[in-house]
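Here it is, the structure in full.
Each chain gets a letter, A, B, C and D, in the order it is written, and its residues are counted from 1.
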């Protein structure tokens, strides 16, 4: 989970002229401190995987997490659709420079313009990850996440040392929220 | 302003199994369709510029805009503080790979890990820009924004062909919202 | 191997005023058409792996290949040292924005300033890859290379579907040059 | 000009097993220590600008510099053509992930896949810059170069505080090589 360092808090107190409206941490930090959960998986997936991704998205939203994904189709779209159905917030970090390339269920598109390198931004942005199915693109994200020593739960995906394999969406999301740092 | 292409909407209808809860555009597109306003300026600024940036942030939030900035100090922090005071939403696209490097008033840090190249992501993400003061980093963002044929209003900043110079925060924000495509 | 598209060749003929010195393909394309071989592996490696990487670098240079790597220590440095000993040319695509961060055996540092995302630039630049040992960073490069449908030979490294595992440096380099497209 | 830090040199001595062939600095550092000169300008330019760019490319090559550019058409292609005519070496740092997008006169394409953000890699790679004509893309490169406190000479280009304006190719290249750090 996002933890704010002391530097930022102190900066807030000293920056510029003293604010007319008092600033309280509880007010400002509400969104910032929500866990950001990365859902990684392919843009092409079969019907069963789509259902799993949708369920995972629902559960992440119901657990109070913000959903971070690559913003395109397949697993990304299904997870975002699930999250939106339960009133969640969804971020899509896109390869193209065009925000409209984000799927219909993305609240906030971040059009990186960085192509495949945007996978590293997804990994930097989220606190923990659920990998679902996926091909080599997904494997690159798993590798970057484990390299950054972040938690990765895997559902029907690559078997890589360091991933926690869990087959059921409910257990996967529960594990993620229980083990967030 | 973000305009969704037909492709995405159609994808939403055909993707995966039919949703249990009916999906309505009005529900899902609320956040997506808010204008995203980029505030660009230096991490070091004098007291007067800080006040201007704070005022601009307040006005963007009150006008219903989402504030996008570089997430660090100076103009970026002052604008984000102003936006938060009025209940706005703030995005900080950071050079470092660490979300905690975002200032205290950033709701959503996007830690690009791309160094100065993150300026291009800011330009891709926002629909229009207000440049305030700033040095060469700000000039690079102005150049990228104009290159992408996006609207840039300038307050006390670089004079570049294509920028609309407006000195007062109220008029600058009004101009931006009036001319958003 | 780099194949030049017709567009570029035609452009060369029509661009600007006619050249005083006649342009011949053989003169200009000599370096461009050399195979670019990516050597990927960790910045920390044991003595045996270092020897293997050095041998691979030597063989790549003797086979007429240009060596592309991440420019840092360990496997990258050993391979570049081997290549330089045999008169080869070495490119180091660095995570930092500082060319001096390239190791001593790098002829041309490309300081991306993109952090870990530079792995995608290495994959885009080289025509084929030899992965040696390595940890999660190496795995991300393997994944990107396979995603781009490029040839990856693996020596004592991750076992991923699509990699061609070959244990001896001589056979690995021979295989790479034989199968270059 | 690229200056190697002591750390790298020391690393070279201690890394791995002692080399069979003695390593001499003069042998390895020959290419590395050549000045890397960035030529920045638009992909569309009139005949006069093309002639100027070609002349600048010739002079950079004859002065012993390596030419770094964006690898596409217009000023970039003309400068690379000039450099190749005089036996120089040319690097094209491309926006696309495809090395074949580099123009005919590029010896080494670096296909960043980063879109416009590749401008920052050009700035990181070269030691000093000559800007020729150009539009907003060129302005972004000038801004990044000045931000990095690197030398920028301008021929018929944007007037920005910090640029050294020189109209003749001969004087521009002479100034660059005289003032390289």
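Here, a contact is a pair of C-beta atoms (placed from the backbone, for glycine too) under 8 Å apart; a residue touches a chain by one contact, two chains touch by 3 or more.
Predicted model only: the values in this text are computed from it and were never measured.
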Longest centre-to-centre distance from chain C, chain (CA-based): B
Comparison of A-D and B-D (more C-beta pairs in contact): B-D
Separation of mean Cα positions, chain D and chain B [Å, integer]: 33
Inter-centroid spacing, chain B versus chain A (mean Cα positions, whole Å): 21
Inter-chain centre distance, chain A versus chain D - centres from mean C-alpha coordinates, in Å: 39
Where chain D touches two or more other chains at once, by residue number: 97, 113-117, 120-121
Residues of chain A that touch chain B when the two form their complex: 2-5, 8-9, 11-12, 15-17, 19-21, 23, 27-28, 31-32, 36, 47, 50-51, 54, 66, 73, 77-78, 81, 84-85, 89, 91, 93, 97-100, 102-114, 120-121, 124-125, 148
Of chain A, residues touching chain D in the complex: 97, 113-117
Residues of chain A defined as touching chain C within the complex: 114-117, 120-121, 135-137, 139-140, 143-144, 146-147, 160, 162
